[in-house]
Amino acid sequence: MTIQASIIGGSGYVGGELLRLLSYHPQMKISKVYSKNYAGKYVHSVHPNLRSILDKTFTNENIKDIVETSDITFFALPHGQSSLIIPHLPYDNSKIVDIGADFRLKRTEDYERWYHFTHPAPSLLEKSVYGLPEINKEQISKSCLVAVPGCIAACAILSLLPLAINGLIDKVVVDAKVGSSGSGSKPSSATHFSERYNVVRIYKPAGHRHTAEIIQVLSALSGKNINVGISVHAVNMVRGLETTSHVMTERTVDIKDLWRMYRQYYAGKPFVRIIRDIRGKNKYPDPKFTFGSNYADVGFEVDTDSGRILAIGALDNLVKGAAGNAVQCANIMLGLREEEGLLSPPIYPA
Amino acid sequence: MTIQASIIGGSGYVGGELLRLLSYHPQMKISKVYSKNYAGKYVHSVHPNLRSILDKTFTNENIKDIVETSDITFFALPHGQSSLIIPHLPYDNSKIVDIGADFRLKRTEDYERWYHFTHPAPSLLEKSVYGLPEINKEQISKSCLVAVPGCIAACAILSLLPLAINGLIDKVVVDAKVGSSGSGSKPSSATHFSERYNVVRIYKPAGHRHTAEIIQVLSALSGKNINVGISVHAVNMVRGLETTSHVMTERTVDIKDLWRMYRQYYAGKPFVRIIRDIRGKNKYPDPKFTFGSNYADVGFEVDTDSGRILAIGALDNLVKGAAGNAVQCANIMLGLREEEGLLSPPIYPA
Amino acid sequence: MTIQASIIGGSGYVGGELLRLLSYHPQMKISKVYSKNYAGKYVHSVHPNLRSILDKTFTNENIKDIVETSDITFFALPHGQSSLIIPHLPYDNSKIVDIGADFRLKRTEDYERWYHFTHPAPSLLEKSVYGLPEINKEQISKSCLVAVPGCIAACAILSLLPLAINGLIDKVVVDAKVGSSGSGSKPSSATHFSERYNVVRIYKPAGHRHTAEIIQVLSALSGKNINVGISVHAVNMVRGLETTSHVMTERTVDIKDLWRMYRQYYAGKPFVRIIRDIRGKNKYPDPKFTFGSNYADVGFEVDTDSGRILAIGALDNLVKGAAGNAVQCANIMLGLREEEGLLSPPIYPA
Amino acid sequence: MTIQASIIGGSGYVGGELLRLLSYHPQMKISKVYSKNYAGKYVHSVHPNLRSILDKTFTNENIKDIVETSDITFFALPHGQSSLIIPHLPYDNSKIVDIGADFRLKRTEDYERWYHFTHPAPSLLEKSVYGLPEINKEQISKSCLVAVPGCIAACAILSLLPLAINGLIDKVVVDAKVGSSGSGSKPSSATHFSERYNVVRIYKPAGHRHTAEIIQVLSALSGKNINVGISVHAVNMVRGLETTSHVMTERTVDIKDLWRMYRQYYAGKPFVRIIRDIRGKNKYPDPKFTFGSNYADVGFEVDTDSGRILAIGALDNLVKGAAGNAVQCANIMLGLREEEGLLSPPIYPA
């Protein structure tokens, strides 16, 4: 049986990445690719990598019809749009994976605070499930509406999870470095090549919206309110995301204990790799080694002198940070093997 | 039935790329990975992208034994090494794909001229088949020793083929631009990051060894001696190769005729895409849109003013320029579908 | 005595480069910086490198007044604009350096052919002087209107000059590789970082406008009509330009003769360096080693096999390819030493 | 009067940068350039940017003689070497600027702890002066041995200084991002282009040696022991350094107060620019806008939610982070204007 998969918002980089992944998914078939702006145009005119691979045009037919005739529908729309659409769909009888921010947070006040946005469908916030299978695979498998995490949140949470669960985090500073693809496909003066090349640009030193997700998830997991500060830097690459999370702690923690916590937590989780080598090419997580893949690499270090545990995360922001994680969630919702269609290794060197 | 595939020379970038491709090939299984220098070490210590994907160590056991117990063996050794080994193997009863230069040329004098090298096994040059399925798929299917083209040769030949066959080439200048991965994984002062970044370095203005292959193939296809000059430039990227071939001609050629020639030649060839758009993101071949894939993009233009036909080629030097093309040949030799394990789309944006 | 220098069109990258160079020119003082769009804004808001260095705002006052009160005025406007303005200025009593294309060509029909543009002031084409001091320093010193060459033309001409003068060129193919700054500061989908990174994009395989300049200059120097074809590639860097010019010739030429021709021609020319080393870091011209400076590096090679002489050129497209060359011309027009304010070495490594 | 300046250790990137800066210093003349390995070779064979600019060869003559015949001598040797040489020189009658680490720390136990190194000349540690003119210009002017700060230390200290002096720092985490030139000119597998491209590689999560300097300086300035943790990341560029320093504080601090502190401290300091804009191209310090120059950009932000003050610093690691700062110190020691030879603006775009 072939699963019909559709995409609402197929012209952006996340939409393109979904198409790339689904085009060789062994059990899903791409049904409809919705785009208001590009309706009628060839998909490969926007995503030239897919030329001769995906012979489809964008459609702007009724979204409700698309959802009703698809087994799974991915939403990859700008923030604030899916929450205007999804409440009017037969979501209870469908399977929807939303890659935007609209259903990630549980409390409407958090949308007001972090997004300056009055949520139009608060009741759906209870129904939706946060789509990080490394935390809540079971819930995802039963859900009809899954909200895929933000890329920085996914990276920070995955690297910090074992520490949170073991009660080691009270206050953490997440210092993130991201490639340009995270800011989308629309040109602007900030993303003009001559302006963006060679930067280390701290574009969001405080108040980044993903903070809300990290607080929500880590606090829930550790059973206490965790203080989280994020600072995000644009660096000179297209793909990839790294988070160095500085956990402030007076406690003395042993590297062996950390190994145990991480190993224990991530046993059997197919897409998380623990990276901590004394020598060699890859001592700590580095997005270079996750390029184009659904792997999230996590690692840790202890700095006794300054009273820090470091949790380091690296992933491909468009794959495990967005489209790949979405497909992983979809696999789970559809009763497939979690890894289906997602096992191609990272591209190296890249 | 699972096919046992082994690699002789598994620690370089081409070896790593073979491992990446074979690790998710639906019908091949990686058997042995030979490396003299890294024997006993984990494969992922050299190719960190494969961590948790390929749980193998390098071996230095007898190469003859490896070949005899494998259904297909890939050689990815530095120039001059495979021709010392293969003649002593039971090559007639095996299937060998050599990614080095040792069996590409047909005439020993060409090895002397271009490689300053006395070929140790001239008789094998008759047996070996040039491994470009877009030319000689039939021959490859019957061969036990296939020599995969050099990356620049593959790119130039694929883009020039339809012109050669139609007798349009007498003299051509190939201006190539290549990423750093083409020069291998050994550090040197020329590849030190601070020295290699931001270069447009013409490192081989004349006399590049791949010239010999291009002359051999294009002359055979067009039935006349073709004059070929190559100039190769290192540019600021890791993966990717572009060739702009300037075909000098007094003849007036029509774009429509060129379309016809390219379409006709490449009909049914799964890995060659013809790129020539008036507008959009991808008007002519650009390695950006072949990243990580086995596609070779080809295109053309006419410059009446200066008396040139331009043939433009782009591919990923490690895939269609080496390991991917080798797997494609192996598929054919083994009676599999040519595309098996090679259809994952290019990564974009990258 | 301080020379008052003004800039018409100060907000683009060439305008910014003029400001950078003039800000530490020992004898010129920046008087007015005209910009229609940014009038009233701080110069450093557009050129952040100049913060705390140049305490000026853009002006939109009358251009005629600016020219009349300045000792030298640089025009850095988009093509087609300066030829609408300069005819109405008292150009005979002023000194004007135009970095646009409007006064480079001598024949109005060339504007029609290459620029699809009816020149509004043909009589000024006779008065204006092509601003390449390595050819016509004397003429520049007597001129009141100098037209600075296009960057690709400057690079190709400087590398080909000694060959042209010695009658060695009949037909030449110029294969150019350029950084992103050459396409200006306005964002577009083609220059969006995620789209422009890692490209080798042949954006102008034939018919590039700079062809007209190269034909005009080389034909004049060699006393015969020279056939010129240009193909231009965008590569992955911001600054820098390389041209590999393939001169088709049946003649046998000796490297020693070429050394003599280049040495002879460039003796006493302060900004041209001849690069041709057998070993070391810099065997042929590479824009890496001209970064941020007014140097143009030229070199050559002979390919007897394919019947080519190669002339290789490299420069910083914003300096010797635009603003630096403009200042060099201005120095000459003003009776200063040609090198004044231009001798800071290239930045390396960059 | 021309000042004779010599360099001990002229073949590395810092040595090359000294040569670049000194080659157009209006009052210094390059006398001797010492290199053990390259003696007899042309300087431009190692630093190709200086071809035709600096017509000198490296020397290996007696260092004592060089120092005695020079007005100022710069040492740019690997850590641990200058402290074996300088004690045997007539340092009291000379002026020496050491760009290595050997004389930066005041306490021998700090060398043992952070460098695992028994200092061979403890008495000289009292005589040497830490070479950051923004702190101790007066002391530098009277010193005969100045120790230039490490690049990360310089960047972090300059951005944190006003906070330290105002007692706002107790605990700070410095998250640094550096270009490849900081790791020198010797090739290694870690700096091989294909390995170093596209990385966000945390190569020193804890225990970086520059920590010692930052603790020493900030603790002295603030009159209390400051807790400092550093994590250093290699990012995809050659030049440039950014530090985001997360100051943990419960205190409520006002942006206006921070403005006042930074303005007050840096008034009259020519090379520090305060960057904090609400809009525009350059809202916070970014090494992109300091490229090739001696400027250090500093900025700040407050994150009330997480209890942080952020101090952001950016500079060119080879200029203000090494050679430029060394020349600035030399100017002061020699009684010249601090800015002499250092005012060329940053290169932009780069």
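Side notes on the structure shown:
In this document, chain identifiers A, B, C and D correspond to the written order of the chains, with residue numbering beginning at 1 in each.
As a convention for this text, contacts are C-beta pairs under 8 Å (C-beta built on N, C-alpha and C of every residue); 3 or more make two chains touch, one makes a residue touch a chain.
It should be emphasised that the depicted structure is a prediction, and the values quoted were computed from it without experimental measurement.
Interface comparison, B-D versus B-C: the pair with the greater number of contacting C-beta pairs is B-C. Averaging Cα coordinates per chain places chain C and chain D 35 Å apart.
A separation of 46 Å divides the Cα centre of chain B from that of chain D.
Inter-chain spacing, taken between the CA centroids of chain B and chain C, is 39 Å. The residues of chain A that reach two or more other chains are 13, 181, 189, 194-195, 197-198, 237-239, 281, 291, 349-350, listed in rising order. Chain contact topology: the protein chains form a complete graph, every chain touching every other one.
Listed in rising order, the residues of chain C touching chain A in the complex are 13, 180-181, 185-189, 191-198, 237-238. Listed in rising order, the residues of chain D touching chain A in the complex are 171, 173, 175, 177, 189-190, 194-195, 197-203, 205-207, 211, 227-231, 233, 235-237, 239-240, 242, 244, 246, 248, 281, 283-288, 291, 301-303, 305-308, 310, 312, 314, 349-350.
In the complex of the two chains, the chain A residues touching chain B come out as 13, 16, 20, 23-24, 45-54, 181, 238-239, 273, 275, 280-282, 289-293, 295, 343-350.
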